[in-house]
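Read from first to last, the chains carry the letters A, B and C; within each, the first residue is number 1.
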Amino acid sequence: MKLRKSATALAITAVLAVTATACGSGSDEGAKNDGKITIGIKFDQPGVGLKTPDGKYEGFDVDVATYVAKELGYEAKDIEWKQAPSAERENLIANGDVDFVVASYSITDERKQKVDFAGPYFLAHQDLLVRADDSSIKDAKDLNSKKLCSVTGSTSAQNVRNDFAPQADLQEMGGYSECLTGLENKAVDALTTDDSILAGYASQKDHQGKFKLAGLNLSDENYGIGLKKGDTELQGDINKAIEKMVEDGSWEKAVKANFGPAGYKNEPAPKITETS
Amino acid sequence: MTSVLYDTPGPRAKRRNVLYTALFVVALAVIVWWVLGALDEKGQLAGEKWSPFVTDAQVWTTYLLPGLGDTLTAAALSIVIALPLGALLGIGRLSDHRWVTVPVGAVVEFFRAIPVLLLMMFANQAYVQFADIESEVRPLYAVVTGLVLYNASVIAEIVRAGILALPNGQSDAARAIGMRKGQTMAYVLLPQAVTAMLPALVSQLVVIVKDTALGGAMLGFTELLSQNRQITANYGANTIAAFTVIALIFIALNFLLTSCASWLEGRIRRGKRGTGAVVTGGLGDDLTGAGAGATTGGLPTVPRQTTVSAGADETQPTA
Amino acid sequence: MFDFLDSGQYDLLGAFWVTVQLTLYSAIGSLIWGTLLAGMRVSPVPLMRVFGTAYVNLVRNTPLTVIILACSLGLNQTLGITLGGGDFKDIGFRLAVLGLVAYTGTFVCEALRSGINTVPVGQAEAARALGLSFTQVLTLVVLPQAFRSVVAPLANVLIALTKNTTVAAAISAAEAAYLMKSMIENESDALLAVFAVFALGFVLLTLPTGLLLGWVSKRVAVKR
């Protein structure tokens, strides 16, 4: 009798737990299933790579990835998008979870030890986003008396601290949208990261006219398409696709569509350097 | 319940109370008015920042509900794994053999003494380096690992308290009819202790749900809180609105669990057949099991003292 | 394996010192705020009771991470409240203290309330018979006894608070967990060693607190 009572009690706990689990079932899919291609992109950067509320994907990286995939023989519906957060990009490629990564991925010597790149397909610079009515920042030295915001652990944050403006008051937040809140409400003076990402935020419908790029080219960031080390065949194919995209004007169109509203003067398409 | 602390208000006291009430209302109103005014000035109260949560079902289906699903998944997995583990540890601590109690005690005290965030971050990095786990589920694994390690040791203490709260007569009687130690535990003590522990366990679930938010903020786990960033990236920097909605969901969920715990507690306490022993969640937070030192014990073993609250109505002065 | 300790690159002691400071300031703040809340919850003014109850139930059911992030995103980033802090490091610290006080105060309040319940009814009745007002009954007679009986639960609150300061890492307050996060990224070969050092740090902070206050609670307990 006591036993049955406690058994019911246990059952209640179990049911509580099970109903909760039922809400989120795991997903299982692997890369490399036939007829499909898996591409890693950012999910949370407007203008670059963004998952929209209706489950679609948009942004410059998405456009480039779609074009490249088409040249490789995959229709848009055959693409499986996978989130590639900055810290995970090398792992995703090395584990074969994705076929390639198009995620504002700067080509650096350090990264080239772990993965190979195709491209570059875009030349970005570290820059600052300021409020539209603020013209007090003209070069990097002005930053020393300013309040800056960037994302925890980003290279942009390290650059500021080590090179451009060691005395600047730098706040590191979990994401760019947090910085944007502070920028909008004057808790910070500028948000710093690659100008492509900044332009993406400034071009958003709700932000148009509120922010502008300061136009300081603090660094050169060559965005490449990351792929598995040693896959020279894929590298060559992707390079060809990028060249074609630039030639037929799709590249220019994608840049204008995604970054245009911010009054962002993009660099011309860079020359392909990553060949083997 | 605490009306023993003051006399039944007479006419003057009543007037004074009204005055205090008025002052308090004014103070609260000033604060609320100031906050709302400041928010409004910053445009955070604008309709379009809030309306998506009512008019646009996609905010819910794409962000909030999947986020809530992840939160619940992590919480459920944690409690399901931590429960048997905690029970084992708790029983181990009651063993008659020193070579069992000492190491088990050390493990329990160690995991209770360090912050759960440290465990999560360690687990996350360990999985990156030593295990082949897909990047999408790794934060979930890390969060669950951290929560299991911590909560198993808290549950171990709850189990121990639950068993110790049973009257001695139970194990004496079991011994008298010739049961062995294992039998006594399995057939007599544990079944009764489980009932007594139930409210504490549900309270612990609240702690677990709250702690999953850490994974969202620090490890990139896609639970409810982390959806804030996604929503604000898509709906025009409506930080305050998104944050408020997310906080309300958390509060509603936890309030439900807390109410469930106190309902269970009341039921068990009223129940005539049981021993009447109840292990409550005490403070209902990580605080229950927070005692790192053996001396504080931190045992939430209360048949809570109800003298004052029960007697308050009768002792209320009529003068 | 423990080379990173000598490299001078990481200010381990400094980070733990921030943790200690966070704990101390928050502890003092939450003791005051928790006592006020407890006073409200037992006060003769119905509205204050309602407020106290609502506040405790709301805040206790909110994740601390949400509260601390709300302090940063809401109060600081949106409303521009700096709490008198200069740079972001300073502001982050102050905001974290505010969040921890708001959260921990509820647990102090509940501990105190159960402490008030342990004071025999006769004490309050005798005090009232002397003609003491509610505030006098509470501050002169009931609370002193209640505090003495809740030293052990309050010690648990303090230990939980010490551990909860790590949540301040979410708003980049430079305390121990924040340092650990960057250390496990940069020193990934020495992962176990890094974890061991930080775990030891927290054991060293929490264990003596528990032992000391356990001893105190036995000393001051009201013998009945």
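Convention: a residue touches a chain if its C-beta (ideal position, glycine included) is under 8 Å from a C-beta of that chain, and two chains touch if they have at least 3 such contacts.
Model, not experiment: these values are computed from the prediction.
> What is the minimum number of touch steps required to go from subunit A to subunit C?
Step count on the best path from subunit A to subunit C: 1.
> Using the touch rule stated at the top, which two chains are linked by the largest number of C-beta contacts?
Per-pair contact counts point to B-C as the maximum.
> Can you compute the centre-to-centre distance for subunit A and subunit C, using the mean CA position of each chain? Integer Å is fine.
Distance between chain centres: 38 Å.
> Just the number, please: Cα centre separation of subunit B and subunit C in whole Å.
About 16 Å, centre to centre.
> Where the CA atoms of subunit A average out and where those of subunit B average out, how many Å apart are those spots?
Centres of subunit A and subunit B (C-alpha means) sit 36 Å apart.
> Two or more other chains in contact with one residue: find those residues in subunit A.
Touching at least two other chains: 174, 178, 181, 185.
> Quick check on subunit B: which residues sit in contact with 2+ other chains?
Subunit B, residues with two or more chain partners: 42, 128, 217, 239.
> Give me the residues of subunit C that touch two or more other chains.
Residues 73, 77-79, 170, 185 of subunit C each touch two or more of the other chains.
> Taking the complex as given, what residues does subunit C use to touch subunit A?
73, 76-80, 87-88, 92, 170, 172, 182, 185
> What part of subunit C is in contact with subunit B in the complex they form?
It is residues 41-42, 44-48, 51, 57-58, 60-66, 69-70, 73-74, 77-79, 107, 110-111, 114, 116-121, 124-125, 128, 133-134, 137-138, 142, 152-153, 155-157, 159-160, 163-164, 166-167, 169-170, 177, 180-181, 184-185, 188, 191, 195, 198-199, 202-203, 206-211, 213-215, 217 of subunit C that touch subunit B.
> For the complex, give me every residue of subunit A touching subunit C.
147, 152-153, 169-174, 178, 181-182, 185-188
> Give the list of subunit A residues in touch with subunit B in this complex.
Subunit A reaches subunit B through residues 1-3, 5-7, 9-10, 12-14, 16-18, 20-21, 23-24, 26-27, 43-46, 50-55, 82-83, 85, 88, 91-92, 95, 97, 174-178, 180-181, 184-185, 204-207.
> Show me the residue ranges of subunit B that touch subunit C in the complex, using the header's touch definition.
1-2, 4-7, 9, 13, 17, 20-21, 24-25, 28, 35, 38-39, 42, 44, 110, 113-118, 121-122, 125-126, 128-129, 206, 209-214, 216-218, 225, 239-240, 243, 246-247, 250-251, 254-255, 258, 282-288, 290-293, 295-298, 304-309, 311, 315, 317
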